[in-house]
Structure formats: C-alpha cells, structure tokens
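Note that chain A is present in both complexes that follow, paired respectively with chain B and with chain C.
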Partner chain A sequence: MSEYRGWIHQRQKELMQQWYARLDESARTGWPPAICLMISGNCVEVLEAFGIVPIYPEVNALQLAIRHQSLEPILAAEELGYATDNCAYVKADIGAYLMGVTPTGGKLPRPALVLCNFVGCNTYIKWFEHVAAFLEAPLYVLDVPFLRSEEPSPADVAYVVAQLHEVVRRIEEITGLRFDMDRFREAVRCSQQVEELWSRIKHLAQRVPSPFDAYFDAITLMGPLYVHRARPEGVEFFRLALAELEAKAARGEGVYDREDFRVVIEGPPPYPYFRAFRDMFARWRATAVASTYSTVGGIWEFGFRHDPEKPFETVALHMLAHNLTNRNYLQRYDQIRRYVQQWRADGVIIHFVKSCRLFSAGQGDMRDYFTKVLGVPTLYIESDLEDPRYFAEAQIRNRVDAFFEALGRHKRAIAV
Partner chain B sequence: MDELLRRCEEIIRDVSFATVRRWKAEHPDGKAIAYFPVYAPVEVIAAAGMLPVGLHGAGDQLELQHADARFGSFICSIVKTTLELGLTGRLAPFDGLLFSSICDSARNLCFVLKRNFPQLYVDFLHLPHNAESASSREFLRSEYARLKAALERLAERRIEEESLREMIVRYNENRRVIRRLYEWRAEEPHRIRAWELYVLVRAGNFLPVEEHTALLREAQEGFARRQAKPRDSIRVLVESAFCEQPPLGLIRLLEEAGCYIVEEDFTLGRRWFSEDIPTDGDPLRALAESYLDRSVVSSVRHDGRRPRPRALIEKVRARRAQAVIFLIAKFCEPAYFDYVLFKRELEREGIPHLLLEFEEKMYTFERLQTEVETFVEALLFE
Partner chain C sequence: MQLAAGVDVGSTQTKAVILAGDGEPRILARALVDTGAYVPRAAELAFHAACREAGLDPREIGMIVGTGYGRYRIAFGHAQVTEISCHARGAHFVFPETRTVIDIGGQDAKVIRVGSEGEVRDFVMNDKCAAGTGRFLANAAEVLGLDLEEIGPLSLRATDPVKLTTVCTVFVESDILSYLAQGRRPEDILRGVHLAIARRTVSLARRIPIEPAITFTGGVARNIGMVRALEEVLGLPIQVSPDSHFMGALGAALFALERLERYETSS
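Up next is the complex of A and B:
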C-alpha cells in the first residue's frame, strides 16, 4: 500500500535543501547571520525582518531520526551525563553537535543568538540553555505566559510585546543590522497568506475521502511551513500544494484506493520508524483526517491569522494562544473533540512518546475522557519520537490491528 | 525536643491532612488552598483568611491504584501520588489547588485535576522565566493581582492591603528564623541534623505561619541546649530534590554514612527569599519584585542574570562544602537536565560529586548506602 507522492513531496525536499544550503552558507561565510529558534509558536517573522536565517534544532533532530542517524548522537549525549529519561530530541541535537554531525553533511552556523521562544515546553528552556552553553552563544528566553484561561489577558499580550521589542534591540546590538519595519510587515503578510492556504488544506480533510493524510502527509508539509512560513517561497509552495490537493479532492481521490477508517492522531510520530508506523495504518486504509502534532507550529484551522496591520500584537497572540504547546491540556481535549466531530473521525489514536512530557503526561486521562465521557473509540500506544530503542514494532502492530478490527465491527454495528 | 520532632514527622507523613481538617474545624468559614511545589505566594492566600498548604506528594503512604493508568510510564511519582490523593478522596479538605510553571508534567497534572475535580478552584500561575526583562515585574504583579481577585471570589471577601502587608511581615519572620537555622546548621552540622531541620521546616507546609514560627523557635532553644560532639564527616551540599521529596530514611542514611549536609534544596519554597520582602509600598509589587530579585536560584526557573552552574559553585563555596550529592527523583526532567551542566562545572572546579536517584516511595536503600559509603570513604581518606 503506497501513499500518494506528487509534486508536493519533491518541492518540499527542494525547499528544505534550500534552507540547509542557506545555513551552510552562513556557516562558511558568516552571512546571513543565523539565530536558533524553537518550532512551537515562534516569532520567525522578526528574524525575517532582518534577513536572518533560523536554525531549528528540532528539525535537525527529527531529520537525524528519520534518516536513522539519531542513536549515535543520543549515546554520545548520555556519555556526557544526560539521563535515559531526558528528551531524546535534546540528546540527539547536543550529541550531533559534539560529534560534528549534521543531517545533510553540510555545516551548521554558530548562532548569533540563541532565542528561546518558551511556549509551554519547559524542556525548550533547558535545551537552549545547553545549546548556549556548549556553543558559547548569547541566550535570550522570551517568556510566553502559559494559556491558563480561554484567552490571553491584556497583561499577557503586553508582556510578550515588550519582550519582542527587547529581542529586536538585542538582535540590532549583536548583528549591527537595523530592524526594517516594512520587511517585518511583509514577513507577517507572508505568514498570513501561508496560514490561510494551510488552513484551507486542513479543511480539505473534512471531505470523504480525504485527499491527503493530515498526520503523515501533513508532516511533509510542515517542513516548508516552519522554514519558509514568512517568505514568498512559502506562499508559493502552499498555493501550489492547495491547488494540487483541491484537484485531487475534485476527482474524489483519497489517500488509498478506498478510505475505510478516518482517525485523529494525537502526539508526535516515531521518526526512527516513520515508514513502519505509517504502514501500520495504510494496511487498514486508515487516513488521519486531523492531528494535533501538525498544530505545534500554529493552529490556523480555527481562524487565527497573523496581521500585517498589527504585526507585533499578532506575533504575540500567535505565541500565546494559537499553537498547540502553549495551550492547556483541556484545550487540547477540546481541539481533538472538534476534530472528531467536524472532520467526522471514527476514532482517536493517542501516541505516547517517552521524550515529550508536554505531549504525553496525562494521556491516560485523555483516553479516559474520550472513551468514557464521549464514547469515542481510542487506541493508546507508547514509543518515542527520536530514540529508536523504544519502538516495540510487533507489539504496536498487534495493538493497531486489534483496534481497527474492533473499530470495523463497531462501524458495522452503527451502520445496521 | 524529641517530642517536637516526632510531631513534625507525624504531620509531614499524614496523607489524611489532619492538621488541615483541624484548622478548618476551628475556622468554619476558612478555606484551604493546596499548592504544588516549588513556590507559591502564600502571603496572598493567607491574607484571604485561608490556610496555604504545601503539597509534596504522598511519600510511601499511598499505593497507586488509579493514577498510574492516567499518567502512564516515564512520569515521576509525585505527579501520580498527587492525583491519587485526589482520586482517593484525600484532597477533600481543600477548596483549591494551585500550580505554577515548573515542568511539563506538573502543568498537565494541573489541568487533569481541573477536569476530574470541577468543584475545586484549580489555578495555574505563570511565574516568569525572564528576570532580565523589566517587563517581567509588571507582568508578575498582574498575575498576583489575578490570583488575589480569584481568591477574593472564593473567600467572598476583599483582601485588604493591610492584611497582605501583615502576612508579608509574618512570613518574613518565619523565613528569617529558617535562614538563621540554616546558617547555624552550616556552622555546627553536628548540632542540627539534616533530617531534623527538614521535618521542622516542612511541617510549616501544614500549619498557620505564626504557629510554625513558634515551633521553630522552640526547636532553636532545644538545639541550643543540646550536647553534641563533632563526628568524622564530610561537608556535603545536596542538590536537586526541590519537588518530589526524598524519603526521610534516605536523608538519615546520608548522615549515618558520614555526610554533614550543610545545604540542600528540600522544600525550597519555604526558603525562596534570600532577604525580607519589603513591607512598604504596594505589597503585590513587593511580592513580584522579590520573586525575581530577592530569591534563591532554582532549577525550575530560568534567570539569565544568574546561570545556575555558577550559582551552584558559589553555594558550595559559601557553605564550605567538600562535595555535592545530587538527589534526583526518578523521571525528574528539570533536575536531570541541570545535572549535565552542573557536572561540567563541578569537574572544571575539581569538586567531587555523586548522583543518586530516588523515588518518594522507596523504603530500602542498601544499594544507595554502599554508593554513599564508598564516596564518603574516598573523600575522608584521600
């Protein structure tokens, strides 16, 4: 069973290579300057306003894992004192740095600034403290108040906006570059357009059959989303991606020759076994119609957009309220509930990953809520997103098979 | 003195929260707010006429029957025992639960509890990680104002500025006595045992502040009267047990194996401030500024002005410690991350260190005992 591979996959590879080439150039020539950022709810638009290239350690870590190169750096980091229970993304990233390994073999630049956009994930702070310490680079922690109520308060927004202005000043001091407000607005405008296109793509998955898999294929689209969101290349990519998927939807084509199951997937994928994991769902012709992992960088399918008329404020709002990691756990339950209802899913797959407590701590309670309170069939499986030592393939496959067998009976019973 | 220590030990072991129940019986309109480690602005809670109670898990007093299924593998014990306390009805004396931005597991626990106990006031405080930014002071003040308003609704009464100031005075006094005891212990570690100071300080988590200060004063007198002789021990700083607490047996074991514990970070929230909180001006602002500017360094907070590895070395020097023992709770990610940079810094400085992993429910320590004895012997006879 092989999934759809169109123009999108080829073009995303090129875009990722283009990004790595910029990083390599920065490492070799010192230009453009590079700044480390985290994926979740980031403020890449500010970097774009300076023409600075972002380094995303998470993308590097997942690229190592998907290329089966993560174990060695993880072991190197453990040798240094990291515990088996520390996030393996961090270990792979730090280990790779110590070993001089990069995902493409090209060079990674020393960051002019390590800019930690702290959006919920406490490990982000530790990770960037370590990056700054090992690379002897300056660190700024942009402290984003956690979303502890429905909406951020005016005080939350004011606090983030004040820090964004400090970040601008800090970058000016470090690089000698001047902040360009027009370029900032332009970057925010690109993000706004990408978000609109991405949101429309996500809504295509409400069709039956869905023209793409909103977990596995969404991950393919997420690379350009993070690396090129605030750039014209990003807008162009998502415009063409939407057109391609709309055409597919118009032809009534799904991910497989037949769509037997529609599921929502919660949690990051096991990158070291990405292919094997995908095949477990493909053999049941199960399509993910929505996923929480694809909203780590931002949640746009419910309407939020960056706004070039209010650039600082909307960058702040994005960081505060419109990405998965800075929203509270019950808001995630609600997000998944909306997916199940509006994207018409048959069940929920919860993938617990050992590395990421932000995602995983409490997922037993989440399962309790979906099965007992909402009566939604739910599968709970455990492995890791980066460390290949925690993937029990036969055991996971058995559980997936048993789940879909039961779900098939359940669907037939409902149909009768 | 023995009786006093026995009483404190009983208080901290008690998962039925008898002290809290008693206080509520004596204060029919009073409410109790439990807070999860590490720090909470207890003055605001107390000023609302409520009893702030510091939760630190359930030690070895509770077998998990429900919480394991809710939190799965690779999650620390204190998160699970806290939920278990709730699911077994033991949190009934409390009217509210307060959490803060210390780690990812604790944050999710806050919201899991909120779903399972909708009748409780459950809140999450965002304590800032950017002390370098002037805006963090104003932000934290507004966060405390939000907490104050929520407590006022719960208490159905206003929190007057005067009573807030009065509570700052009382807690300043309490912290001053604790600071004095810590300094004294570092001077004469043979006179004040680590486990004794630990139970005395932690008992304050369950008592009104005046009562706790009186209890500490009584202990001070007891220590002064005590005849104590120095032992053959090394001066050790214990680090990383700031949230889940090590079993009392493990603290005793360290001492029996030849350690004078001259500094630690047990129940750090009770010693959060390195000096008094100002009592003039706006009390909420004083609390917020003090959280950022008059406080200890901790693994659960980023402060760009004071990198933690350097702060650890300074603490070692200030207490004239010869070695550091890391007591890390199983699955405690903040502690395990910090360990990497701490280790690097200690090795640069040539300071010996030992890592021991524990769980609050541990009750046999043979393996740890051997490790500690070997470590101490190497230092005593080097």
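Up next is the complex of A and C:
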C-alpha cells in the first residue's frame, strides 16, 4: 500500500540538508556560532535573534536511528558505562560524539553554549551536563517549572522571563554578539506565522479522509518546525505545505486510495524501524489524524501563538505551558480525548518507549482510561524510539493486526 | 458441501483444522506437527495431514485461512487473521457463553475479552519476553528431568508449594535448582511454577475486565495443573475444551468458512 508522497517530503529533505550545511560551516569556520538546544518547548527564537544556529541532539539521534546507524553509538556509550536502561537518545548522541559520527557525515560544531531549555526530564539535564563536559562547552540550565495547574502562574512566567534575559546576557558575553530586539521580534513574528500555518495544517486532518498522516507525515514536517520556525524560509515552507495539503483536501484525496481507519497515536515512533512501523498501518489503510508526539516542540492547534508584541513573555509561556512534555498526565489525557472527539478517530495507539520511563510510565493507566472510561478502543505496544534491540516486528505486527481486525468488526457492527 | 481449513502456525507447533459448512459447522479433521525451522513446510504438512484424516483431496478445500506467528509464510493460504481473533472465534464456537479467553501458547500469553458474537472487544498480551508462557513450563520440566505431560498432574500432588520469586524463563532454572538443593519435593516446586504463571496471567487479565465464562485455550490448556492453578488464583471456574490446542486453527477455519459463504453469496 503506497501512501502520499508530495512536495513537502522533498522540500523537507532540502531544508534539513541546509541546516546540516550551516552546522558544517559553523564547525569548519566558527561562523555562525551554534548552541545546543532541546526540542521540548524550544526557544529557538532567542537564538535566531543572534543569527545563531541551533544544534538539536535529539534530531541528530533520531536521524542516526532512521538511517539504521544508532546501534553502534549506543554500544559505544554502553562500553563507557551508560546503563542499558538509560535513554537511548542520550546514548546514541553521546556515542556519536565519541565516535565522531554525524547523521550526514558532515561535521558538528563545538557549541558556544549548551542550553538546557527543558527540565521536565531529569535525564535531559544529565544529558546536557555530559555534552557540556565532553565538548568542554559552557552550560546553562534554564529552570522551567513543571506545569502544576491549568495555566502557569504570573510568578512562573516572570521567573522564566528573568532567566531568558540572563541567557541573552550570557550569549552576548560568550559570542561577543549584541542582542537585537528588532531581530528578536522578527523571529517571533516568523514563529507566529508558522504556528498559524501549522495549526491550519493540523486541522485539515479533521477532514474525512484526512489529506495527510498527522503522525508519519507530521514527523516529516517537525524538522522544519523546530529548525526553521523562526526564519522566513520556515514561513515559506509551511505556506506551501498548507497549499499542497489544502489542494489535496479539496480534491478529497486521503493518505491512501481509501481511508479505512482513523487513529490517534501517542508516543514517539520506533525510528530504527520507521518504515516497517509505518507499513503496519498502511496495510490497514489506517491514517493517524492526530498525534501527541507532534506536539513535543509545541502545541499550537488549540490556539497558542508567539506574539512579537510580547516576545519574552510568549517564549516563556510556550516553554512553560504550550508543549507536550511540560504538562501533566491529565492534560495529556485531555489532549488525546479532544483529538479522538474533534478529529473523529476510531481508536488510540499507545507506543511505549522502553528507554523513556519518564514519559512512558503511566501509559498502562492511560490505556485503561481510554478503554474503560471513554470506551475508545486502544492498543498498547512497546519498543524503543532509538534502540533497534527492542523492536520485535512479528509481535508488534501481531498486535496491530489484531487491533484493526477487531476495530473493523466493531465499525461494521456499528454501521449495521 | 462447503469445506474450509484453518492453519495455525505457532512458535512451537502447527495445527490444522478442517470444517464442513452447510448448517452448523462440523469439525472433520485435526492435525498437529512441530513447527521447526521451516515454517511453510510445517504449514503444508499439517494441512495435508488434516486432509488425509478427513479423507479429502486438498483441492476440495474451498478456503484456507492462516493464523499464528507464521501466518504470512503459509504459501497456500487465501487470507490471514491474527490468532487473537481466531482464539476468540474458536472459543465462542465451542463455548458460546465465553466472554474471556485466556490463551497460553509456547511463547506468549494473552487475555481476550470476547463479545456475544465471538468478536474481540479488547485484548492484552505479555510483553515480548517469554516469561510465564509454555516455554517457562518446558524449561521447568527439563530442569527436573520430566516430560512436559507429567508436570501438570504431578503438581496437583503438592502439599507445600514453593513460592517462586521469578517468572523469568531463564532464571527459573537456577530458582528450581536452589529449591532442589534445599531438598524440596518436585511436586511442590512444580505447583509453585504453575501458580507463578497463573498469578502473572491473572494480573495481565485484570487489565481488562474479567467476565465469566472464562475459556482457557492454547497448548498449555492441556496441562491440568495449569487449569487448577488458574482457577485457584482467579477464584472462578474455567472451561477447557478437548480441542483447546486447536482453538486458533478452529477459529481460522471458521473465518475461512465465513469468507467462503460471503464469496458464494456475492458470486
């Protein structure tokens, strides 16, 4: 079953290559400077205000995995003493640094600063501490309080804004660059536009059939979303991506020749087996109409936007409240419930990531909530996002097949 | 007469069932072979053995559905259905009041919630390690130098069952050896082994609501020690068919018959 391949897939590759080319240039010439950043609620706008290129260790790790190159760096890190249970992203990234391996074969620059912008995962703090130590780069850990209520308190926002000002001063000291407020507003304005376009793209998946897969195709779009969001080429990319998908929707085209199932997917994909995993859904003509993974960097489909009139405050708000990982479990339940209802899904797929206890623990209860409380058919499968050793294809396929067999009978029974 | 077959290629054994349609489906034949290393061959052997048993030419079988882990490797099958759907369907056919199926096979354990029509409402499975499956029992039997068939009845003679600390198929060996070193009797050790699997399976089952009647299927259902251990831990009676081992193949054959009927109605 062949699925939709369009302009977005081709252009995404070019944009990501451009990014790696900038990183390579930075490594070779020292310009532009680069800063390590986390995907979760990233504050790439601050870097863009300086013309600094972001290094995302998670993107490097997943790129290695998708190219079937993650096992060797993982083993290298384990030889050094990292436990088998450690986050496999961390091991692949650290191992790759040790081995001098990059996803594209180009060079990665030594970061001017290692900026840990997310503290909801304690492993991430350790990860960035290790990166800073290995690369002998300065480290700044932004203390972003975990979201303890529906909205962050004004004190939380002020606390993060104050730290952002400090980050700006540190970057000025380290790089000798001057912070340019106009450029910052411009970066935030680009992000605001991208977020609006991205949100409209996500809402297109409410159509039946959905013109794109809001998990597998959304992952394609996530690269430009995090790397180019605050840049004009990001705006251009998402404008054309929306146009392509709107045209598809207008023609009534789905991801496959027919859309048999609509699902919501929770959890990142098994990148080392990305193609095999996608095929498991393709053979059932099952389209993901929404996914939580595509909101790790930011949740924009429910209305939040960066605002060039309040750049620091909205960057802080984004980090505090409008990304998947800084929110609590009940909020995640609610996010998925909204997807199921408003995006008209038949069921939920939960992919448990073995080496990410923090975000996978509790998913058994999540399954119970959807099946028992809401009566939504829910499938629970396990593997890993980065470590190929945890993917048992026959077993996962068996569960996926059984789920869609049952869902098919369930749908036919309702139709009668 | 409509003739359909189901072939269940499991991790350890391959089963085939042939059904006759027209009215209430009737089982004409069953066959069982070891799966071994060459899956397509095992499927063929089981299917042909069942045909021979039924006195039929394989070409007379109108529809064949494959199930089990090797289902995509069955060269002659017309369709594939997972063993989860097949066990539910088979159990419902034999015991129509079935609402929960516990299936323990060579390498996995699953619990299936079944609707009144034999449809799958929900299911849970062990994770990908073989803890608490048939393989665990086979290892325990091997350590004790017993045949797999002996351990169930022997476990029922226990008077002071041991408390096993593991359901790990690898670690069970050292656990058993240490109990033997302490002078514990094989029947008490075996009762402990069966109870450990039962507790693990029941905790799996509690992830979905357990609703009677409960039907136990899969190769391990032939083990009376396991049946009793499950009943004790569940506090509920469970039903076992003499065909429990063939439940997946039977379900597959029922799906084959349904497809055959649909095909003949539409053509």
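We adopt the following convention: the second predicted complex is superposed on the first by the 415 of 416 C-alpha atoms of A that agree within 3 Å, B and C clash if a C-alpha of one lies under 4 Å from a C-alpha of the other, contacts with A are read in each partner's own complex, and residues count from 1 in each chain.
By definition in this document, a contact is a pair of C-beta atoms (placed from the backbone, for glycine too) under 8 Å apart; a residue touches a chain by one contact, two chains touch by 3 or more.
Predicted model, so just to flag it, every value in this text is computed and none were measured.
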item: Partner chain(s) touched by A:His306 [first = chain B, second = chain C, both, neither]; value: neither
item: Partner chain(s) touched by A:Glu382 [first = chain B, second = chain C, both, neither]; value: both
item: Chain A: partner with more touched residues, chain B or chain C; value: B
item: Which superposed partner A:Gly364 touches (first chain B, second chain C, both, neither); value: both
item: First (chain B), second (chain C), both or neither touched by A:Arg207; value: neither
item: Which superposed partner A:Arg399 touches (first chain B, second chain C, both, neither); value: second
item: Overlapping contact positions on chain A, where the chain C interface meets the chain B interface; value: 364, 368, 382
item: Touch list for chain A against partner chain C, complex; value: 364, 367-368, 371-372, 377, 380, 382, 392, 394-395, 398-399, 401-402, 405-406, 409-410, 413
item: Residue ranges of chain A in contact with chain B within the complex; value: 80-83, 85-87, 90, 118, 120-123, 125-127, 129-130, 133, 139-143, 145-146, 148, 153, 155-156, 158-159, 162-163, 166, 328-330, 333, 352, 354, 356-358, 360-365, 368-369, 382
item: Complex contact set, residues of chain C against chain A; value: 69, 80-85, 108, 117, 119-125, 127-128, 207-209
item: Contacting residues of chain B [partner chain A, same complex]; value: 68-75, 79, 101-105, 107-112, 114-116, 123-126, 128-130, 132-136, 138-139, 142-143, 146, 302, 304, 307, 309, 330-331, 333-334, 336-341, 343-344
